[in-house]
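Note sheet for the following structure.
First chain written, first letter: the chains are A, B, C and D, and each begins at residue 1.
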């Protein structure tokens, strides 16, 4: 048996990455894909690396029966296309940001418009299995985390949960350009982006409330403030989130290593690294590498999370969630080493 | 059942890529790996993207019984480590150049030393399944093609075989830097190589006689001369071979498309592209994309072959050869879409 | 005294590069710049690296008197904006392709429209000083060469002029992405172009007739056929043209070295290199490095030309032409070492 | 008149960049250069982009009289080669770290060896003209700042001086690979570094005490703690230092903009940017772009400094210091726009 997956908006980077990864899934396969701008084309015609899919065509709508739906629509447009499936009881994974913030007011503030489906928010589970595996298994609507939040939350969760740090938490994140999406020209052209690093949306990126929400949920007592500054670096894939938080008390490196090791002992896709991790060691696979470092002299925890923004930060995470929702092995189809070098 | 594979010199890029690909092979697994400089370390300690291998350690020598051996030793050193296995009847795939040239004098001329094992040359088969699948199936010693020759020969073979072109054949090849190997500093440092293109070993690279040999083998009549000029371009993986040969007669694009389509109709890993192919569409997978173009006005065939130098140009090709030698499906373990973007 | 320069369409890469280089010119300065899309903005506001220009604003039209005009308009639109200046006797350098091909029918064939100002063609001089310095000095309308032709013609000119080669000439050129222009998204996005090499417009690029025209002009007897294949490589600046032509007779490397050395003995911006040159050694400066190599065994000349497509391939060449047209030193303002690494 | 400059160890990236920039200096020229490994070669033979220097050869020692010396020797070796010149009264600019830390004990702690010339420390001035222009003018021994400290200190100085922030200061810095030096292979090879971001020497880099020392010198009251984390990003040149410090009181963006604007009003090479600056806008030139941002909600100042690590972070800064020490215009030879794109 093989579950039938529908991908809405397969033509963005997240959608096409889901298609790449599902090709090798032992228990699921793509049944239908949509994508307005390229509708009518064969998937392999639009994207030559997906030529393996042969005659599968990009449609206007999901066609036929599917057992689960992944939406890679843009935020705010996604809820509307997810809604019919949610109502019909078809499990949905929303890769957009529509269902990540539990408070519709926060959505309105950060996205500049009212939440498109506030009545569905209560059903949604934040799809980070390292924190919510049990809830994801029971859910029919999973909000796939943002790429920056996935790396940042995984870097900080054990320390925040254990209460060894307080705010303000600073998240200085570096991202490859694919996070900006497919076919984005102008300021994301090769000539402009190559040999360049720059920050953008300083303390004003809509991934900030997502990080803050999840760190707050792990905190006993006052939620830490979060200052989040994203940067673009000249590479295609990869996120490196460097997080800083004052230590509440004097802890040793060994103590923190134990804490993190225990926290992620059963997580198939988060591994604690003893040395500063490289984004390149996650290229194309679903791993998040975490490295906590105790700057004892300054009483500061520096904790790093790295991952491939299109895999653990998007499509791979969606498949991991799908596996849980459909009762398959958590790592089904995702047990692929990174492509290195 | 799963065949036991030994990898000699797993610590170079080709060896570590074989390890990456074998992780997902349904009918074979790594039993033992060697690598002098890092012997004693766990494979995942030396190369974090191979952490999936857990406790597997890099040894000094192949340990225990293996069903097949791949050697990723440097050329000229490889024959010596392959020899005991060949003599013992263990199938061997040599990723180095030791057994590619059939004429030991040609080896001596191009590599500056006598052939290390001339008595074994007669057993060796050139491991390009698009040309020699039947022979590879029967062989115990396969010479895995060089990365440049694989792309170049696949680009030209149908035209040469059909006799529609003559010499001189010009092969202008562009390669990513990983072809230079792991840990090669100095002139391959990032600062020096980034934002740079340069040619090297003009008409003097030891892949030239390999290309010439195989084109000659496909020719009825006089073998074409080959001028081969390799270039380094600033990317990690990928080879783009642009080949030029005068047409013997007036042929149409449609005729050449048919010729190429037919030639590769049954090849699982060479696909004829109707548009100029991108190296990036092969990143991490075993596909070679070929695009023949008829420059009718000038009576010239321009034919392009692109592939990932570490996969179809090295480790993936080795696994494809292994599959044939051990009687498995030709594409076992290699049916992975390229990682794009 | 300082000549007043007008730049039409300063907002493309060629135009803004002219502005960069003119900042340090001892005998000329920018008096007026135009650029429709950004008209009204300060130059330094639109392009922060040109902040040195202070209050200079981008206008709709050239304002005030100028002593010379450079047009960086798109081809076919350029002639119309150049015409009034040509008629008024103001020296014009056209960086577009409008006046490069001497035959208006060739223009029509390659650009798909009638030539916009055929009556001016007879006044135009092809602006490659290595071939036409005397004519450029006397001209009021100079057609600045294309980036690919500049590198290719300089690589082949001495050999063609000396009659030691014949056709077919093959030009395999590799270009950085800035050749595609500013703000070009989609297929020139970082994510798509990084880690990729591909050919485009095979034997169908409008720089081909330009190369053929100039090689023909150097030839006694039958003009050589030219097959031109451009490739994109992942870097911002740089062109590497690798040219191949059969030798007419047996010549030695030393003979060819002498021939090239003599040909360029007085050229301030073409230097013959004894080793394969690197594009990076020309980044940001006006040098073209040429390396002829005799592949004696195959009777083939391989000759390489490398340059920065925005400098010797566009804006630097325009300034070199300006210097000649206005009677200044040929290298005025251009004596800047390349930026390396 | 033109001052005669000696460069010790011209063969590293900083030394060769000084040679590049001095070529266009109106009041100084290179008289003698040294470099052990390449001694005897012409400068242009060793580094083709410096071919303009013609017959100038790399020597073992500074030869003949010079008016000023720049040392680009490695730290700890530099003091010894500087000492004879200091004693002879020849002005010296040390690009290494030997004279940056005023406390010899700090040197010993961070560099693992006793200070090589503690008796000279009192003569040394920290060569950041934005802070110490007057002292530099009077000094015969200037310690050129480190690349990370230059960007970090310039980003924070106005705020620290004004007392609007307190510690802990977090400096999250991203650097191109040229900071690692020339010919550094292995972990700085293209294949390993491309498509990768990683942190290194977390809270343990010897630029940390340099940043802390200078911020302390600007502070009234308790010196702020500094946590410094450097990262490597895949580009050749450029540093992007993102600095975070808690605000002491509620300040507006306008207030901070004024503060920074005033602080740098007369600095020719530090400019306050109203938008997040790009490292690419400083490539090849001596500018530092600074952007302070008030994260009012979190009471945090985020301040960014970007520069070219080989220019304002090394050789350009050295020339700026030379200009001051020899009584020339501060921007002599440095008024070159950045190379963009």
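Note that in this section a residue touches a chain if its C-beta (ideal position, glycine included) is under 8 Å from a C-beta of that chain, and two chains touch if they have at least 3 such contacts.
These numbers come from a predicted model, not from an experiment.
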| item | value |
| --- | --- |
| Partner chains that subunit A and subunit D have in common | B, C |
| A-B compared against B-C, more contacting pairs | B-C |
| Separation of mean Cα positions, subunit C and subunit A [Å, integer] | 46 |
| Averaged-CA centre spacing for the pair subunit B and subunit A, given as whole angstrom | 36 |
| Inter-chain centre distance, subunit B versus subunit C - centres from mean C-alpha coordinates, in Å | 38 |
| Multi-partner residues of subunit C (at least 2 other chains) | 13, 176, 178, 182, 191-192, 194-195, 234-237, 277-278, 283, 341 |
| Partner subunit D, residues of subunit C touching it in the complex | 13, 16, 20, 23-24, 47-52, 178, 182, 194-195, 236-237, 271, 273, 277-278, 281-285, 289, 335-341 |
| Subunit A contact footprint on subunit D (complex, rising order) | 168, 170, 172, 174, 176, 191-192, 194-200, 202-203, 225-227, 229, 231, 233-238, 240, 242, 244, 246, 276-280, 283, 291, 293, 295, 297-300, 302, 304, 306, 341 |
| Contacting residues of subunit A [partner subunit C, same complex] | 13, 176-178, 180, 182-195, 234-236 |
